[in-house]
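Notes follow once the structure below has been shown.
Naming follows writing order (A, B and C), and every chain is counted from residue 1.
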Amino acid sequence: MKVQPMDQFSAELADEVRDAVYDGSASGYDKREEALFGDYPDPDLLRRTAGNIKQHTLEHLDTYLLQAEAKMRENGVQVHWAGDGDAGCEAVLRIMRDNGATRLVKSKSMATEEIHLTEFLEKHGIESLETDLGEFIVQIDKDHPSHIVKPIIHKNRGGIARSFEREGLGAYNDQPEVITRRAREYLRRKYLEAPVGLTGGNFLVAESGRLVLVTNEGNSRFCLAATDIHIAVVGIEKLLPRDRDLSLFLGLLGRSATGQQLTVYTEFISGPKAAKQPDGPKQMHVILLDNRRTEVLGTKCREILRCIRCGACLNVCPVYRQASGHAYRSVYPGPVGAVLSPLLAGNRFPELADLPKASSLCGACNEVCPVNIPIPDLLLRLRDRAKQEGVKSPGTPPLAAWSRLASQPTLWRAVMAGGKVMNHLPLEMLPVRALKDWQSARKLPKWRGGDFRRWIKKHKEAESARGGEA
Amino acid sequence: MSADREEILRRVKDAVGAIEHPADYPDWPDGLAVCDKRPLDDRWAAFCERLTAFHGMPLEKPEELAEYLKTFRYTHGYCDPELAGVLAPVLGPEFTLEETFERSRLDDYRFGITRARGAIAETGTLIVTDGQTSSRLGALAPWVHVACLRSDDIFRDTAEAAAALGDDPNVIWITGPSKTADVEGILIEGVHGPGVQVCLLLP
Amino acid sequence: MATCLCEAFFDDVAIATVQVLEYLKCEVAFPDGQTCCGQPAFNAGDWASSRRVVRHCLKVFAGEEPVVVPSGSCAAMIFHGALLEFEEEKDLEEVRQLAGRTWEVADFIVNGLGVDEWPGKFPASVAFHRSCHSRGTDSGPATLRLLESIEGLDLRPFGEAEQCCGFGGTFSVTFPSISAAMGKLKLEHALKENPDCLISGDMGCLLHLGGLAEKGGTPVPTRHVIQVLRDALRNGGLIS
C-alpha cells in the first residue's frame, strides 16, 4: 500500500531543515503569545470581532468591491480586474508595455506567487526582482518560499552565504549582519534603475480606497520612493469596510505574525504621489484578482477567505513543524494552505486532496487565527468533498465497514467480545502496512472488549437487588 | 479587461446572493484594539518609552542630535529646506545639510531630516506623509532618519490615528528602525530603510 | 456513552465514570445498543458512513437525559462534528437536540452539576495533557479546577502544553511518521517533569502516548482524569 506523500516527505526531511523549521515556528508562536496576551485582557474577543468583520465583508463583497473601485478611481488610481492568474499576469505585462518598461522591483506578495507572475514576466523579457531579503534569497536560489511570513525559514546562514558568493555578492561570509548589508547595497541600486514598483496589498479599505501595505524591511517603501509607476496586485478578498477597522486588524496582524505591536512600516496608499512630492509613482494601478476566490466564496469553505496571511497557524501547527512548508507542494503551506491550496486548484483538486488529510484536527490553528477561521471544520469539509469526488486516499482504513458494524449493536457486541483473539495474534506479522507502521512505534494495549458490559450488568443487578431489599 | 470586471462582479453577486443570512457588521468599540496597560496621558512620555523599546531614539534638543551625529562622524546629510534654516545654526559649521536629495548620490547622505506629520503614543510610532515629507527618498535611504515632530501632533492611540488618516496619498506609520529576522530568526536592523530612527521634538 | 476505545481497551475508565457519577448521586443508565460516536468515518471524510453511526446514536440515546462521555473527542463529535455533517439533512433538529445535552464528563461535573472542588486524595505527581478536542470548550478549565483541588495531587506543568500528541484517530494510521514524531515530542516535554503518571481526558491520546512510551523504553503509567477522580474518592475512603 502506498503512503501519504506528506508523511513520506516528512520522514525523508533532513534533520537540519526540520530543526530550522521547528525552531523558527516555535519561536514565532512564543512571540505571538507574549504580544497578544501581554497586551490584551481578552485577545479572543479581538479575534472573534475581526473574524466577524471579515465574514461580513465577504458576504457583502459585491457592494464593497464597487465602493472600493469608485473610491480608487476618484483618488486617481487606475483599477484593473483579473478573472484568473493569466489575466492578472497579462494586466501587469500590458502596463509594463504601455510604459515601455522592461524591469520592475517587487515587494513580497503571496498573490503574485500564486499566479507565478515572475516566471511569466521573465518569459516575456521583463526582469522582476524580489526585494524582500528572504524572497530575494529564494529567487537567486530558484527555490520556493516555505512559509508565508518567513520565506526562508528552512535555510541556514551557510547556504545563504554560499548563494551570495555564487551570485558575486562578495566572498563567503555567513554573518547575518554581513548578508543583510550586502543585500542592502545591491538592492538599493536596483530600486533606482527600475521604472516600476510592484506590491501586493494587505488590506484595501472600501470607504477610502486606501491600500495598506505592511513590511519590516522597508523594501516596499523603497519601491514606492524610487520608481515612477506603482502596480499593486490585490486579491478581492483583501477588502475591509472602513478605515476604523484598520486599528484592529493592524494590531492583530503584527502581533500574530511576528509578535510586534505594529509592523515597522505600515503604508496607507491612496493614489499616485502628491504633486509637490519629488519622489514616487506618478501612476498607480491596482489589479483586483479573482483567481477562483469567487468560486470559494460560493462554498461552505468561504471562511478561509478571511485569512490575512499572518502565518500564525503555520507556526503553531505540529504537522507543519514536522513536515516543513515544501511538503504542501503549493504556494500556501501549513493549515491555511491545506484548505486554500486545494480550493484554488480548480480541477486539479484531486492532486492536492491529500493536504486536508494531513492534520490531526487538533485545532491549534483555529485557536491562534487572528480572524478565527475554523480551519479544522474546513479541512473536514474538504475531506468529505474528496470522498464524494472519489479521490483515492492511500493508507486510509476501511471506515465504511466500521460504520456499518457500528450501527448493528448485536454484531458490534459480538465483535467487541471476540476481539480478544487479538491478544494472541502476532499483529506485527499481519500484511497491513498501516498496522505495521503504527505498531513499529507504539505498543497496543491488551484487548478487553466485553469486560465493561459484564461489569455494568453485574453492577446493575446488584443495584436492583439492593433496591429490592430496601 | 472590462469583461473580467463584469464576470467577477457577476460571480461575486451569485455567490453572495446564495447566502441565506449574510453576516452583519459587528458592533465594537473604537478602543477595542488599543493596548492601554501603559499610561497614555502624558503622550510624549508614553511615546518615548515605546519608541525606545523598539530601538528608536527620541531626542528633545537639536544639540543632542548634533552630538549623536558627530560621534559617528555623520556630518553630511539631507535636510528638508523648511527645517534647514532653523537646524543649520544649531547643528554647527561642521555639518553640511543638502536641501535637495540627488538620487544618483544616494549613499552620500548619512542622515535625512524630514518632518513628521504626527506620532502615536500607544505604539511609539512616527507618522510621515507626502504632504509633510520633502523627499520620500531623503526620509528613507540614509542610515539615520530624523523625523521632526511637534508635541501637539501626538495621537493617543492607533484608533485615533486611523480615524485621522485624511486624504494624503501616502501616509506611513514608522515603528522603529527597518529590520529583518529572515536569516535564522536573528534580528538585524537597517535592511533597506534606516538603521537608526530618531525622533526630534520641535520646540 | 462509554465510547468504543473504552469498550475495547479501557473498561476501567468506563467503570470509573459510572462510579464517580453515582457518587455524585446521578442515576446512570448504560443503553445496551450503543457502539461508537461516528468519529472515525467523520474524520476520514466519509460523512455518509459517519451519519449512519450518528443516526444509530440518535436511536440509542433518545430522550431528554444528559449524555455523558469520558472522552472530549467523542463528546465533540456529537455536539460539534455531527452538526456539520447533518447541515443539509432532514434530521438536523434531532441531532441538535442530542448535541445540546451531550457532555464531556469533567465539563458535566463542574458546569452541569456545579461541583468545583474534589474530595479525597491522590498523593502523586501528574502531568495533565489537555486533549485537543477540549479546545474552545469548558472541559480544559473544568478539569484543571477539579485536579487542582485534590489533596496531595501535584500538578506538573510542562512545555509546549498547547501541542497535540499526534494521535488524531486515523491520522496516526495514515500519517504514522509525523504522528509518532509529534507524540515523542509530547512525551519528552511531559516526562521531563518526572511525573508519576500522565493523565488526560481522552483515552485516544493516552493509548497513543502510552504505546509510544512503552515501545520507546520509557513506560509511564497513564490515567484518565475520571480514574484519578475515582481513585481520589477511594483513597479518601469515600467509596469502596
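What we mean here is this: a contact is a pair of C-beta atoms (placed from the backbone, for glycine too) under 8 Å apart; a residue touches a chain by one contact, two chains touch by 3 or more.
As the structure is a prediction and not an experimental result, all values here were calculated from the model.
**Q** Treating touching as the only link between chains, describe the layout with one word: line, ring, star, complete or other.
**A** Shape = line; chains linked end to end, path left open.
**Q** In terms of CA centres, which chain lies closest to the overall middle?
**A** Located nearest the centre of all protein C-alpha atoms is chain A.
**Q** Once you find the CA centre of chain A and the CA centre of chain B, what distance in Å lies between them?
**A** Distance between chain centres: 29 Å.
**Q** Can you compute the centre-to-centre distance for chain A and chain C, using the mean CA position of each chain? Integer Å is fine.
**A** Averaging C-alpha atoms per chain gives centres 31 Å apart.
**Q** Round to the nearest whole Å and give the separation of the Cα centres of chain B and chain C.
**A** 51
**Q** Multi-chain contacts only, two chains or more: what residues does chain C have there?
**A** As it turns out, chain C has no residue touching two or more other chains.
**Q** For a test of understanding, state which residues of chain B touch chain A in their complex under the given definition.
**A** Residues of chain B touching chain A: 1-2, 4-5, 7-9, 11-16, 18-19, 22-26, 28, 30, 32-35, 37, 50, 100-101, 103-104, 106-107, 122-123, 125, 130-131, 133-138, 140-141, 157-159, 161-163, 165, 167-186, 188, 190-194.
**Q** What part of chain C is in contact with chain A in the complex they form?
**A** Result: residues 2, 4, 6-11, 14-15, 18, 30, 32-36, 38, 40-50, 52-53, 55-56, 60, 81, 84-85, 87, 132-133, 135-136, 160, 162-164, 166-168, 170-183, 185, 207-208, 210-212, 214-216 of chain C touch chain A.
**Q** What part of chain A is in contact with chain B in the complex they form?
**A** Against chain B, chain A makes touches at 20, 23-24, 27, 38-40, 45-46, 49, 52-53, 55-56, 59-62, 65-66, 75-76, 80-83, 87, 91, 131-134, 137, 150-152, 155-157, 160, 176-177, 179-181, 183-184, 187-188, 192, 208, 210, 216-219, 221-222, 224-226, 236, 241, 243-244, 246-248, 250-252, 258, 260-274, 276-280, 288, 290, 294-295, 297-298, 302.
**Q** In the complex, go through chain A and note every residue touching chain C.
**A** Listed in rising order, the residues of chain A that touch chain C are 3-4, 6-8, 10-11, 26, 300, 316, 318-319, 322-323, 356-364, 366-367, 377, 380-387, 393-397, 399-400, 402-409, 412, 416, 419, 434-435, 437-438, 440-449, 451-453, 455-456, 459-460.
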